[in-house]
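Input: structures, listed below.
Two complexes, one shared chain (chain A), two partners (chain B, chain C).
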Partner chain A sequence: MKLDTSGLESTSPFFGSGDELCPELLAAPSFALPLSTDFDEFQKDTKATLKHAKGTTTLAFIFKEGVMVAADSRASMGGYISSQSVKKIIEINPYMLGTMAGGAADCQFWHRNLGIKCRLHELANKRRISVTGASKLLANILYSYRGMGLSVGTMIAGWDETGPGLYYVDSEGGRLKGTRFSVGSGSPYAYGVLDSGLTCLLKKLRSWLEELFIMQHSEMQPVVVLQAFIMWDQMDGRSCLVMMLESFTTIIIQSRPVRWSKKWLKSQGHN
Partner chain B sequence: MARYDRAITVFSPDGHLFQVEYALEAVRKGNAAVGVRGTDTIVLGVEKKSTVKLQDSRSVRKIVSLDNHIALACAGLKADARVLINRARIECQSHRLTVEDPVTVEYITRYIAGLQQKYTQSGGVRPFGLSTLIVGFDPYTGVPSLYQTDPSGTFSAWKANATGRNSNSMREFLEKNYKETSGQETIKLAIRALLEVCC
Partner chain C sequence: MTKQHPAWSPYDNNGGTCVAIAGADYCVTAADTRMSTGYSILSRDYSKIIKLADKCVMASSGFQADVKALQKLLAARHLIYQHQHNKQMSCPAMGQLLSNTLYYKRFFPYYSFNVLGGLDNEGKGCVYTYDAVGSYERVGYSSQGSGSTLIMPFLDNQLKSPSPLLLPAQDAVTPLSEAEAVDLVKTCFASATERDIYTGDKLEIVVLNKDGIHREYMELRKD
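Up next, the complex of A and B:
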């Protein structure tokens, strides 16, 4: 199995060998893999050894104004909650976001790496990379590490020349284009909310977010409405981070601890 | 066992790469090719000698497509051209596969030029003996572009250019008569440039 370590290279080799003139189609540097008689057991062992932080809910959807990305902020290892303030939305570059679900280290490293590749693409081609291209780069790398214990369930959301884009990419090598995704152990609940049709709320959402953005700056009130979207999975995580992509910039809105969100929503006349 | 790691292209005392310059000579002996860029059109023209009577002229392809939106014409060693064109075609598809986007003209030109340069700095090989004219439209903006590469591996964009036999006189003609055209006018300009040196 040829491993694609092009993501790990920092510079191309200075002295090319004679072989470079007749390369195989998609040749990449590779290193020897461990010899094992039972590869499936090896896979299982790898996954068991690295106990990944789980217990995540992340979601993203495309709507009229752009792409909405939301995630909780709890990190848990088994039953132990290790952090309540994890940033699970990673900025790949100013117009692309990635979400973290699965292994935190894997997600962070490979998103950072993807950011490097996107920047290099920009410099070489004098043009931003498309969301399609970026997600494809990540998916190809993850595919070549398939079976080696990476745990990444991510959504690449961004804005490019063709408009808003949303892709789901995972460490099994899957890559899907879509308008609504949710990843993590809380995803079934999120899908329930997403699929039941939030169109009534979406129009309001923008104006709410604007208000909240202003409020956040004037430190009047915590961000209440967003918590309501993500109240599931027995989670009372302290904050949720929501980032909205509009045209070529991102707006970051962070929430604060909240208790009466559902009540507040009801008082606004929405359910 | 002979070892093919000694470079053939080495510097001369006064800083020339003679193999590359000899390759340019080979280009100067090749058939003429001209490219003209208009506002919404690009034209590639090549000179075709019709002295060979028994040859099936349809099997001789001098203008080839690298992808749906990119075409290439070259002057020089046609056998070298075949190798370069095949590699470029593979690269076009490979790019489509990895980033799900068609190549831009600039990207594929940079690739071809990079390939030509590699062969001037490797052991046991000689440079490609051809200059190419690469034309195409940007896949998203639709802007036409014309690029030229040469055996040394340099490339640049042009409004109009010519390579091969008598390229200097064709270029002079184009310099005198070039203006922004579109459609049939661009084709006429290219043909007039070729007529300067042919027949």
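Up next, the complex of A and C:
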């Protein structure tokens, strides 16, 4: 079984040169594979035993001013909530964001790795990498690990010379360019709101953006979208973080705890 | 054809619970000292806490053989770092190193549930919590291991820190004093011991502050 370890190459320069006293320690890292006859069964068993952190709703869409990215912050391991404050929007570099859905460790590691590759590209080519390029890099690496049990459902959102860009990349090797995506266990609910309400969202967003700096009074539509479907999906919750990419800079718009809207509560009969 | 389940598994669960709490200028890390396998106790006096650097302490529960291997690897990497950079590793750096080390074994994971406790570069307490394959997060407090599902809700109740995602950024460390935090930890373990068979015997508490490392022990129920 041959693995693409190009994703790990960048660490080899840090190791000492030619010293053979402890070759295993100083060798460039590679993925250790178990010596089992049935790899898939072993992976399934480890997953069941170790219950990696996952469970999520994330969404992103392109609109006139840029790209909006939003995500919840709960991580679950089996039925247990392991964390209520996971950062699922990962800054790959100051003008590119990635979202985390699926395996938390997989997403964290490969996004960090992608950030390294993007920086190397910048240094080698004296210009920033495009969102197309960055998403392709990630998709190719994930494709080489296809079938090994990685669980990554991510959106690469960024701003490059052609304007805002949004790609969906997953661990099966799929890569899609689009204008709006939602990923995770809560994504069906998100799509419902996103697909039906988008035109009115955009109108509200434009007027909201005019009051960009009076944040405390603004009713964040993506927050409302997220909150609406957080109520339906058990797997997410606690707080939602919304970040926006606007012409090469990232702005954190809103980050606040999920709470039931008064109108909805009243409609349910609570006071 | 029926599925064949392997007769031998490379993993075993040695039980145990670890807790870490970050304060304004200290960090408390604690773990019980019971090592078990199945329904038997292997040792009543096995330490799960290791000092990785001057300002960094790690507590791990799970499969102790994997924990031992992980500790050895981290200690070796820390030594190389010290030779190359002429200084000790900071706790955030060690946090990232541990995450990467765990992820390099993504397809044959270390069965080890870790919490890293220490002081960051500003001298504030920091706690990093991990899952088995390296996903990590800086938090104000955490617990891992067999008793974590019993202890975590209690810590949430006592120490609920604002989410690090909120704006404006708020401190995740607890306002409790060092003595109060140690007391809280003792209470946690005393209760967890009552209801978790894998936790008990003795509690080892390691406190890290600007004066250095201080260790203390407390007896727990032995049944």
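Just so we're on the same page, the second predicted complex is superposed on the first by the 184 of 271 C-alpha atoms of A that agree within 3 Å, B and C clash if a C-alpha of one lies under 4 Å from a C-alpha of the other, contacts with A are read in each partner's own complex, and residues count from 1 in each chain.
By our rule, a residue touches a chain if its C-beta (ideal position, glycine included) is under 8 Å from a C-beta of that chain, and two chains touch if they have at least 3 such contacts.
Everything quoted here is computed from the prediction, not taken from an experiment.
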{"item": "Touching partner for A:T56 - first (chain B), second (chain C), both, neither", "value": "neither"}
{"item": "Greater residue coverage of chain A in the superposed arrangement, chain B or chain C", "value": "C"}
{"item": "Which of chain B and chain C A:M148 touches, first, second, both or neither", "value": "second"}
{"item": "Partner chain(s) touched by A:S171 [first = chain B, second = chain C, both, neither]", "value": "neither"}
{"item": "Which of chain B and chain C A:F109 touches, first, second, both or neither", "value": "second"}
{"item": "Chain B versus chain C as contact partner of A:T132, first or second or both or neither", "value": "first"}
{"item": "Chain B versus chain C as contact partner of A:K87, first or second or both or neither", "value": "second"}
{"item": "Where chain A meets both chain C and chain B, residue numbers", "value": "16, 25"}
{"item": "Residues of chain A touching chain C in the complex", "value": "8, 16, 22, 25, 29-34, 36, 41, 43, 45-46, 49-50, 52-53, 73, 75, 77, 80, 82-87, 103-109, 148-150, 238-239, 241, 252, 254-257"}
{"item": "Complex contact set, residues of chain A against chain B", "value": "16, 18, 20-21, 25-26, 121, 124-127, 129-130, 132-133, 136-137, 140, 161"}
{"item": "Partner chain A, residues of chain C touching it in the complex", "value": "3, 6, 9-11, 73, 76-77, 80, 99-100, 102-109, 111, 129, 131-137, 139, 149, 163-167"}
{"item": "Chain A contact footprint on chain B (complex, rising order)", "value": "4-5, 90, 94, 98-101, 104, 106-107, 110, 118-119, 122-125, 140"}
